[in-house]
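Each of the two complexes below includes chain A, the first together with chain B, the second together with chain C.
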Partner chain A sequence: METFFSELWIARDALMEGFVRTIEASVVSILIGTALGLLIGIVLVYGPLVVRLLCRAYVDVMRGTPVLVLILASFYIPSVVGLHLSAFQAGLLALILFCGAHIGEIVRGALQSIPPGQTEAARSIGLTFPQILTYVLLPQALRSILPTWINTGAELVKASTLLSVIGVGELLLKTQEIVGRNFMTLDFYLFAGLLYLLVNLGIEQAGKALERRVAVR
Partner chain B sequence: MELHVRPLLQIQTLHKRFHDVEVLKGVNLEVREREVVSIIGSSGSGKTTLLRCVNLLEEFDSGQILLDGESIGYRIGGDRRRRLSDRALSRQRSMTGMVFQSFNLFPHLTAAGNIMLGLRKVRRLPKDEARSIAEKWLGRVGLSQRADHYPSQLSGGQQQRVAIARALAMNPKLVLLDEITSALDPELVQEVLLTVKSLAEEGSTLLIVTHEMRFARDVSHRVVFMEQGQIAEQGPPAEIFGNPKSPRLAEFLRSARS
Partner chain C sequence: MSKSISRILMGLGALVMAVGAIDAVQAQTSSKLQEVLQRGKLIVGTGSTNPPWHFRDEKGQLAGFDIDIAKIIAKGLFNDTNKIEFVTQASDARIPNITTGKVDITCQFMTVTAARAQQVAFTLPYYREGVGLLLLKGGSYANYDALKAAGDKVTIAVLQNVYAEEMVHQALPEAKVDQYDSVDLIYQALNSKRADAAATDMSSLRWFMKQNAGRYQDAGYAWNPQTYSCAVKLGDPDWLNFVNIALREAMLGVEFSEYKASFERWFGEAPPEPKIGFPSELR
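Here is the complex of A and B:
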């Protein structure tokens, strides 16, 4: 135990760096992915046919592809067409596209489950379509997707471990490097696992608090 | 003087079809200001569709609807007829208020919030002014104490009264009531009908679709009987209910009574 703590002390900076990277990748991809997903979801329900079909294709391809493949694809494909992304940028791109597709599908379902009477009532008092979306439909849709959205957040934290494959120094890769040096395999992998667990428990708790605040009455 | 002579609502040879079923076959109807008109008829006769056309929730195929002299829903230029833009339709919809069979209150907003949404976003009133109008109307429908309740915390009758307040707070020229008691438990019907009656007495212009024959008789100046997409008979309630001319109306009234 004592050796673990002294090794942990030696590795503290590397671990911290990895942890921050993991959080950074997760938060950025959740935020941008959610914005993208909202847009996709709205288009999937109300968009003109051509755009809708394009979005449908995007969503289906993303959801049908393993995240690891997405990450490798966004690492290798852009450089072929002359676009140079760093490993971190490529990883973020993959996570954002993955998140956007999932959130898009969730938003679509939520919007379609709102009874048509809501739109009719909003129309009849004279609201324009963008106003109906902003004040009537999205507030209801967002409340109902909250639990799934939180879940997607936790999924993304876990998916971010896959960025280690393309050499992004996030928590898992840093842990691997540390283990490679001191051979305390079990201890450090358990420690990393504990950190992931704590982050996801935190997300879950924050989500529950949020749900209580905006509960659909 | 012409302004007073012209009916508030003029529906002229309105045709509407859903695919190959013609639901409205040339309807002509006029409603004057402060008049209360009830439309009765069996289901499928086109009465709800007619109301939805007036509120521009349905498109129609030919004919026109004039509200206060303004042709609504379409722009007719030359021989082309085009649906108006979302913005123009929204403005015209705000001239009429509609109350639905299934209330359609916004579940994420309180009773006052439901009423304030249109006042704030369509009429662009400041928040406190919208709030005071909302409270005034909630008082009018007897729900002053329920301003901060959410729809799910209200009974069906209370929800429908909030919906009535929501429609009227926008100060519409014409209020459309679409079978507003059909989704209510029998013991809640009366409170809603009393609310409508008081609006009628205060001079609101109402176009009502209803299955409540006694109510139609009590509250209306004129009753319209629709049958298979057309107006088959209309007249003062005493005449329609007391002395129906067409055999179809007589038959309808017999079956409605039983």
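Here is the complex of A and C:
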């Protein structure tokens, strides 16, 4: 145990760097992915046919492909056409596209579960479509979106470990590097696992607090 | 009238020649060598989890024999070992990162095989890996001969692999083979005397002995050769030739002291000195 703590102290900077990278990748991809997903979800329900079909194809491809394949594809395919993304940029791109598709599907389901009477009533008092969305539909959809959205966030934190495959120095790769040096396999993987668990427990608690905040009373 | 036409024609001719000249210059600079020199840094693909080849030291800096080889090449290019950008990659990304141009060169304990040589161009080799046997100092068996003489009474710990059992039996035909799924476990098996010897790469073995001075010894037999080379993209002879010259002169010429220092640092023994006089590699 003592050797573990002294090794932990030596590795503190590397672990911190990896942890920050993990958080950075997760937060950025959740935020941008959510914005993208919101747009996709709205288009999936209300968009014109052609755009709707394109979005459907995007969502189906992203949801039907393993994240690892998405990450490798966004790392290699752009460089074939001459666009050189860094490993971190490529990884973010994959996570954003993955997140966007999942959120899109969640938003679609939430919007479609709202009774059509709501839209009809809003229209009859003269609201425009953007107004109906912002004042009537999205606030109601939010309640059914939240639990699955939190779940997707936790999934993304875990999916960010796959970025280690393309050489992004996030928590898992940093842990592998430390284990490669000091051979304390079990100790450091357990420690990394604990950190991931803490992050996801944090997300879950924040989500629950938010759900209580928007609950119908 | 005809004068102005001929002037226009001459002007056009000059333009065509100028464009041709630019093309020729571009053809010259299309080698990776020119590209790297113009960029001012070398992009090297390597790993970060395998000492003594490529790993992060306690300060978080990449270190190891592969890293030093890359530095020797950078020194040849810029006379500055720091003008390198390392791209960390998994072992299975070594070939795709070269073929898609993500890295200029890969130096990542890459075993040369004829099948791989169809996809990438290998440079001159800089190390030949083999498998060796690690023993506890003062244990029941003193060396390879003692292990071999003991027949089926010895147990060998080895990293799990499809060929692991066959590989150990090439050296010790009757030995019992215990497979473990990580390197630290095979060392633990040896420490706890569950195994009489651990079979592992010679480089890892020497590194481990150096890290734990006085506790272990090498059984003195190595087999299963594998040649390690850097790799570059196929079809660029100028770049390949440059890297080859840089490596050759590190192993046999002016940069030998650098190669030797690195070899001693990571493998704990000196490489053979180049013989002065006739360049023996041409015999």
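We adopt the following convention: the second predicted complex is superposed on the first by the 215 of 217 C-alpha atoms of A that agree within 3 Å, B and C clash if a C-alpha of one lies under 4 Å from a C-alpha of the other, contacts with A are read in each partner's own complex, and residues count from 1 in each chain.
One rule holds in what follows: a contact is a pair of C-beta atoms (placed from the backbone, for glycine too) under 8 Å apart; a residue touches a chain by one contact, two chains touch by 3 or more.
Keep in mind the model is a prediction, meaning the values are calculated, not measured.
Asker: Of the two partner chains, chain B (first) and chain C (second), which one does A:100 touch, if any: first, second, both, or neither?
Answerer: The answer is neither, since A:100 touches no partner chain.
Asker: Now for A:121: first (chain B), second (chain C), both, or neither, which partner does it touch?
Answerer: first
Asker: For A:33, is the partner it touches chain B (first), chain C (second), both, or none of the two (neither)?
Answerer: It touches nothing on chain B or chain C.
Asker: Have a look at where A:177 lands relative to chain B and chain C in the superposition and call it first, second, both or neither.
Answerer: second
Asker: If we count contacts the way the header does, which residues on chain A are in touch with chain B in the complex?
Answerer: Spelled out, the residues of chain A in touch with chain B are 115, 117-118, 120-129, 131, 135-136, 139-140, 143, 216-217.
Asker: Chain A touches which residues of chain B in the complex?
Answerer: 55-57, 86-87, 89-91, 93-98, 100, 102, 104-108, 117-118, 121-122, 150-153, 163, 166-167, 170
Asker: Which part of chain C faces chain A closely enough to touch in the complex?
Answerer: 48-51, 55-58, 60, 87-90, 93, 96, 100-102, 182-184, 187
Asker: So in the complex, the part of chain A that touches chain C is made up of which residues?
Answerer: 10-11, 13-14, 17, 76, 79-80, 84, 87, 164-167, 169, 173, 176-181, 183-185
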